[in-house]
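One chain, chain A, appears in both complexes that follow, with chain B as partner in the first and chain C in the second.
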Partner chain A sequence: MDYNFHWRPVFRQLPDLFEAGLLTLEVAILSMILGIMLGLILALLRMNGPRPLRWIANFWVELARNTPALFQLFFFGFGLGAFGLHLTPYLIVLLGLSFNNAGYLAENFRGGFLAVPDTQIRAARSLGMTASQTYIRIIIPQVLRIVYHPMTNQMVWAVLMSSLGMLVGFRELSGETQFFASKTYRIFEYFAVTAVIYYVIVKIILIGSKLAARRLFKY
Partner chain B sequence: MSEPISFFSGFQVNDLVFLGEAAGRTLLISAVSITIGTIFGIFFGWSLQASKWLAQTTIGTILDIFRSVPLIIQLILFYNFFPIIGWNTGPFAAGAVVLSIYTAALVANVVRGGIEAVGIPMRRAARSLGMSYWQDLRYVVWPIGLRAVFPSWVGVALSVIKDSALVSVLGYMELLRASQILITRTQEPFIILACAGAFYFALSYPLSKYSQKLEESWTS
Partner chain C sequence: MIEIKQLHKYFGKLHVLQGIDLNVNKGEVLSIIGSSGSGKSTLLYCINGLEPIQQGQIMVDGIPVHDAKTDINKLRQKLGMVFQQWNSFPHLTALENVALAPKIVRKMSRDEAKTIAEKQLRHVGLGDKLDVYPSALSGGQQQRLAIARALAMEPAYMLFDEATSALDPELVGEVLDTMRLLAEEGMTMICVTHEMSFARDVSDRVAYFHQGHMEEVGPPAQIFGDPQSPHTRKFLASVR
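This part shows the complex of A and B:
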């Protein structure tokens, strides 16, 4: 083994990497928020939407679940370019991840909705609640509890998937690492440090979610 | 009077062959990785379940790292690490090794779930009927556990097929990289991406529906 490790240039660049890590988190969190909203809508549409909307929702969910996330990013990158719509790398990653998150979460939400018995809806309605009150006050809180764990997993996936931003020219943690690595040729060292940063981010999310669950679902 | 020179040329039939070959390479690397990864995953999953403490701290930690670091980072890291330890390897071998470990990390969890799905009383009953530990594993745990987790294994396999697209960063000419090259040449992203997407979809959708059906028929 005649390879000399050079860690110093990497450590000098650490503040930039941390900043890029925050950008990664930002995109992941925003894509989760968008994904949860879209996923809820998709799940509801798939269960009791009008025909054409139900087809669109089904198509969305199946496409998101059955093609690679990278394909979806390429689609938002090159594919929309075919229609003269050129998005910035940030938007490509954000929309691509949201599309993917929404598809996976919709399936989880559907499972959650099916797990809440019908009788509760009827009970809430007969207490005089409107349909939207029933959903917001009775159904969704219970569904959230059921899908909390899958949602945490999806958040982890969003962080991991955001690394694909590197391939569409987005300088989040991976893209930034790639940039510095190709400047200095210390590819292994840079990516090793980045791997550690990702690991720490993922662990923080998992621990945070566990602590939050303890508070949220106390009773 | 010369024709204006263009760097781009339209989408041709030849390009479909090119895409087809690339799709074949996607299938090849996925099949290799899923096979090797599953074999190791079964072993890891069993050892995680069988010896809680030792395996948990060693194999468990390593597999956990592989699940918590983006695959693309793992690929680049190992592709640049192998030459350091003196193994000069191509994109296929490096990609297959990393994908196999990644698969093993996911399968190990599935297998552990499968073994735990077989109740302790059932296994005690097997042992008290005079079965050896291995007979118990082979004739009791395997058939029951397999049923419980086969659908999740299909899910893992499908996600590996999709994730194999990432080996493109190493320069392995799989489907998505081939489409990217064609897009650069033909400037017709929509058709090409539609072809690539349709291939993944046609592969993944029926299998996921099939495993969903199996799951439903086994649980009811």
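This part shows the complex of A and C:
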């Protein structure tokens, strides 16, 4: 093998890469927050919603789960662009990931809702709680515990999937890496270092999730 | 007072309650006995509006339960209910289980809700389990927790739906003792039960349900000693 490794240019750009890593984390976290809220709504609509809304929710979940995530980003980028709606790369990635997260999480949430017995609803309602109090205080906390680990997986997935951002011109961690790599031709070195950064980000998420679970779920 | 007039209830085509007339007075303990599927649990669900009815009327202190204008959540505060499956909220401690509804339904302050929750947990003998999660409680303790939770709403009536049926035999006694205690304190209670000794010793009146009809109702001495209906006689002979 006569390839000469040159790590110095990569290390010089490390601060930029870290900054891009934070951007990756930011867009992943925001897409998870949006994804959880939308996913909950989709799950509830699929179970109890009026018919047209239930159809829309079903369609959303089907599309999000059964088409490539990359195509979903392209829809928010080039798709909407074709209709004259030009979003910034940041928004394309945020909306694309949120759309995808919501679809996957909706399925997890639906399973979680089905796992909480109906009798919990009756017990809460018999105490005079309204339907929304019952959901917010009794049902959703139990569902969140059931879906906690699938949710952590989705968060990891969102971090890794955000790398698709480089294909719509978003300079998150992968986009930034691609930019410097093509400038310096140290392609292998840049992507190797970036892989390590991804690995560390994901590890931090997994450890954080484990610690949080210990605090959150005492029962 | 709970007044039930010509109550009919269907599940689809199944006619589960076929014209029930029944009044329950303040301070009275009424036990409802009968075989499974006779409609006795359904009656309790109808009384606190968890099940819609198709005909007739149920009034609680003069308020029609199934009237669209009735604030059912407010009315339910008068009607404590304890279920066969104890249904403790698994994500909350015993204290939180009991304090939650006083806080969010009766709009009590956190301290007031905590005080009343502690009081009711002591009342049912769980004063040393305040910070325990339900998963660490036995079935009997969880059922007593459910009773405390209902009592914390300071209801005027308590509805017990086979409160001991799902319990291991050795745990039945502690729950029945708690129910006895409430009866002695003058609580108005409707108890759907398979515990004949409880029905005989504790209740003021016993009603026997058979295939959606109330076959007969009367003081325990009469129902158990001199049943009028052949169905009642047959049922009592089979459970003795």
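Here, the second predicted complex is superposed on the first by the 219 of 219 C-alpha atoms of A that agree within 3 Å, B and C clash if a C-alpha of one lies under 4 Å from a C-alpha of the other, contacts with A are read in each partner's own complex, and residues count from 1 in each chain.
Here is the rule we go by: contacts are C-beta pairs under 8 Å (C-beta built on N, C-alpha and C of every residue); 3 or more make two chains touch, one makes a residue touch a chain.
Since the model is a prediction, treat every value here as computed from it, not as a measurement.
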Taking chain A as the common reference, can chain B and chain C both be placed on it without clashing, or not? Answer clash or fit. fit
Between chain B and chain C, whom does A:T67 touch in the aligned arrangement: first, second, both, or neither? first
In the overlaid three-chain picture, which partner chain does A:K218 touch, first (chain B) or second (chain C), both, or neither? second
A:T130 contacts which: chain B (first), chain C (second), both, neither? second
Chain A: partner with more touched residues, chain B or chain C: B
Taking the superposition on A as described, I'd like to know which of chain B and chain C A:I138 touches: first, second, both or neither. second
Could you read off the angle at the CA centre of chain A, spanning the centres of chain B and chain C, to the nearest 10°? 110
Is A:W55 in contact with chain B, with chain C, with both, or with neither (first, second, both, neither)? neither
Name the contact category of A:T119: first (chain B only), second (chain C only), both, or neither. second
Can you give the closest approach of chain B to chain C, taken over C-alpha atoms and in whole Å, for the superposition? 24
Chain A residues contacted in one complex by chain B, in the other by chain C: none
Name, in rising order, each residue of chain A that touches chain C in their complex. 117, 119-120, 122-130, 133, 137-138, 141-142, 145, 217-219
Listed in rising order, the residues of chain A that touch chain B in the complex are 1, 3, 62-63, 65-71, 74-75, 78-79, 81-83, 156, 159-161, 163-164, 166-167, 174, 177, 187-188, 191-192, 194-195, 198-199, 202-203
Which residues of chain C touch chain A in their complex? 48, 50, 73-74, 76-77, 79-81, 83, 85, 87, 89-91, 100-101, 104-106, 133-135, 146, 149-150, 153
Which of the residues in chain B end up touching chain A in this complex? 65, 68-74, 76-77, 80-81, 83-86, 158, 162-163, 165-166, 168-169, 176, 179-180, 183, 188-190, 193, 196-197, 200-201, 204-205, 208
